[in-house]
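First the structure, in the form of structure tokens, and then the observations on it.
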């Protein structure tokens, strides 16, 4: 079940960077949701490499086909199978990969695990795998929006030391999409673009932080004790390529406060139980409390750089390998739709789980 | 399945802080492992509150009974049921909790979710729930040690701004256990103890970081793409009470490096594929690469403080609540065995999963 | 997960015939259901051996304790842990079992699988394991009755060639419980009792059929394509000790009809879509259609007989073994509450699953 | 997870009779297994309707494409996605199905459950769904054969009252495939063909029994207590379209024997623990005992008949409906590869589960 995610809204992704394509099967989608490929394509386009001048152009269109699960434009409640063909083979660009393990990539570990690997384009370890997630996430976002009034959004919060100033409660998708780096703080975005361009010219890469928010989640979602909402979000984010860390609400910074400083005091407001601050990040004891959910995901500088690096061959000899081909010096802008997708998948799954157990009560 | 963890080595915890006790059922344990309560009790003792002068004493012995799954001191392969009685009722200390939601606790969210809550001692939200995890984790650690030669260890790495200097590759359990704060750096430990004592006198609490390591994990454990080793570790850690963040290897700090700086270069060493640095934290593409696995978990300052705080009553009126009863100003020393337990549970589960799929290959 | 059953209303049973007891953890129970041990004990009493003159008396009281998951008599939504102590050790009666495999029991296969076995009383293979199922089933039956208006009932339909005449639509629990063989057809029951007594005197055993019914299941429960309602019922029934077969609706007899004879024609009746006949057994395409659900379970003559039989020792030598101790010549009356329990567990799980996915639609 | 089957060798099927096709994702397949479409196609061809004169011809080729999970003809350990296009649309043949519920089909129950249905060709309820199972089953059979020396086989045992005489231990695939009804008893096969042709001429349908066998299963496969081998087989078989019953070993006939007659006595033979008879059907206490596994599956006469029948419209009015289009009077020959597939899926899953838990012991 390594390739499945979710308990009730369960997705299974498949596909390698080369071969017949990549895809996803979504099981457990509620019936009678209006759904066509047009609901999915925009997020796939946001995920696609080569969208802007800061990366190597890439021709793939990543056009999603819905093969099953809908009828006359509505979901049936049966599995939704989505397929995106592989078009941009270019396996020649990667031929040296056949005989050498790329440093800090998963070439070696896949080989160690399976005794075989699909070297062209990284096989299953390619970020193309996330196409299935993003497609399924688009459905999840639609369910959250239409059935629960919940909005999920992510944006680039930091590139190296360049941090953006973002109002989590009010930031809009249009602001995120207003620049190629997907940072809603225009001034920071400019600096980020320059830093990324510089890294690109240097054949190097850089990392940063994507922040995710969910607005409108009602109190009560989340399953104690293992499937806490933040635990499932953490897993979701750490399952993304190149991610190295996750924190929620006050996160790692919480350790600098005392308990009296950190506690979110409850107050009635508009007939609702609210908190005066939101260091909890909208989740207490693993269950949503009705406040804004927010969290951060750290992405390392991606491993593909255009420099020669020491490494080991598949025959276990020391050797060297120089990065070639497509160069995407900063994964963050493309990670934004991935973070949104995984967030939405976690939330819709918990919405259904809550409905299952407590809809009766 | 909210109360279960693991796919093949699957634990299910149960119990509230008041009532018949707390416990765990471990399903999927390999047969013929020597196992008695004596294998479990030491970790339960490490987890138990009131172990040292830095917390309020507590009388509970938390004695584990193995009710099933063993015969003549060996595991049968059938479910292992472990039970720890609740002895220290003291429900009077908590009576105000019946009518008010404690700030930054889960009282409100449980009520919002279930429409009912067991208020004495926090019910299911009490840290007593972790008894089952720690008991199961002790079994997992034993399996890892005896069947796979893997050692799991955790320690307090930081309390507020006091950071310890620890050699991850060499630190020993005896060093961790050499002081009440479970920090193997004696000088830092002294400062931490003083900080915790100060917080205790102030009726306040403080947070920090626990670091976990696993040594001897062979290359190949971990399941792409969703059940990556770091993803499951992240979930495991974020399911612990009071945890707010997780990072692995270079983690959040990775964003300050460039790709060329960050990449772990492969080199042959002693006939094995090794890396010159270990910013990956022993995991690449979700699969162990044979290097040391290490990660950090941030714990917030716990919510229970001895001050009066604004809050809301169960009748949805603004009110105030003052912490009373037991005061544990820093959860970190007790979190150490919890982090070890969850790490071991993740690893043994992945060991069995790897054996299932690739044992054939 | 071998010891767990159900997706959303998930039970995990544990325990051997000897040791600390047997029990079950029920996860996913809706909150705010009135529940005390008194709701569970009656079915445990029905399941208990030695209830009547047709079996060897046995002293165990099988008193259920609810250790967690309730507060002030109501379910919390947290795991319900139920424990029944083992009291009637008598391991001397079984000492020969330590060295020989009982024919048609699971002694050999457990040993072959695990390399170890708890021989006293059959260990995990003992029918005592079903205590956990029956306890959990009592909760499931209560949920079905109170929240969904669904009634589950089972009864002995046939012992060897003695078949009962039962009106599935109208048979009542009181009729089932009116005699020691749990057959609501009094005349057949008398014959059955005589047959069982005769078998008992002969130190032999006999099998038969238990029929299960569920009334009031609304159209729409059941999950195509693998978790069809009849598929989950089949699994549930074949997981019971000594069961050898299952059929639903017209079952094996359907093969004697042609399609035109067999089809259940739809007709409107009282504003509802009904069928004129019910050969489908209330399930079509894996989903309930609103008609009575009924099915049959075949139980073999139990393996424990009071005769000397050829067998093999644990040292793999041919030998002989004579049954001793308690003799229960016909498992059917005790299987009745087991069949009810498993039926209720399947139905409540599917009710929650339906609510999860389609409650939204 | 309704559309997934298996714990470790997990398949997820998708697709409706009309739309982009049908398919399956196989997760958990061991790596380095030689695999191309040629391994899958023969079973798909056996499953395909219209193979012989006893049914309406159908043009679909049902050609399988492997879209992922292999490289250079070997499995990678990553998900194997298999796709079969829908080619034979002919939706006009089914237009009346848009407004009426076919008797004893799943049209009504799907509508009751989901509030929407894909009426052309029955949508998800079409037997085309089994393509995914059969494709995955072909892989499972190959693993069993090559890695475990286990052979799975099924055949038509009975059509209405015409019962075949088959030597379970020795029957070969070539004998099964030697006639269009897939019954290895030539004399019985002739009678069956005549009965089916007669039913076809009458526009009617008939049912029967498929028997499945597995040879070479070692002692120890199967997971007590819920995931017993026979329980999982029962579920697998009852998940097949038109199946109504399952029994294993002596099955329903066991009830006519006494315990002394029924017990399988153990004897050493060739250094192995064997049984003198095999009424257990190769499974004791849910675990294989090394003997031949065999079981029966009852299939009802299929619901599609060429006669006018009373039914109800989607507007809930009484009406009539006459079967049109393709007529397959007996599903049994095509059910044979389905039974094999499901058997193989159960067995390989249990093989991996056994290896996971007990490979260590």
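Note that the chains take the letters A, B, C and D in the order they are written out, and that residue 1 is the start of every chain.
Operating definition for what follows: a residue touches a chain if its C-beta (ideal position, glycine included) is under 8 Å from a C-beta of that chain, and two chains touch if they have at least 3 such contacts.
Just so we're clear, the structure is a prediction, and the values are computed from it rather than from any experiment.
Averaging C-alpha coordinates per chain and comparing to chain D, the farthest chain turns out to be B. For chain pairs C-D and B-D, the one joined by more C-beta pairs in contact is C-D.
Chain B and chain D have Cα centroids separated by 45 Å. With centres set at the average Cα position, the gap from chain C to chain D is 26 Å. For chain D, residues touching at least two other chains, in rising order: 1-4, 7, 13, 28, 31-32, 77-78, 113-115, 124, 224, 353, 358, 361.
Those residues of chain A that touch chain C in the complex are listed here as 8, 28-32, 77-78, 143, 147, 224, 352-353, 355-361. Interface residues of chain A facing chain B in the complex, by the touch rule stated above, are 1-5, 7, 13, 101, 103-106, 108-110, 112-115, 124-125, 129, 158-161, 199, 202, 204-209, 219-228, 230-239, 241, 244-252, 254-268, 271, 273, 275-276, 279-281, 283-290, 298-305, 307, 309-312, 316-318, 329, 353-354, 358, 361.
Contacts from chain B toward chain C in the complex involve residues 1-4, 7, 10, 12-16, 19-23, 25, 27-28, 31-32, 65-71, 74-81, 83, 113-118, 123-124.
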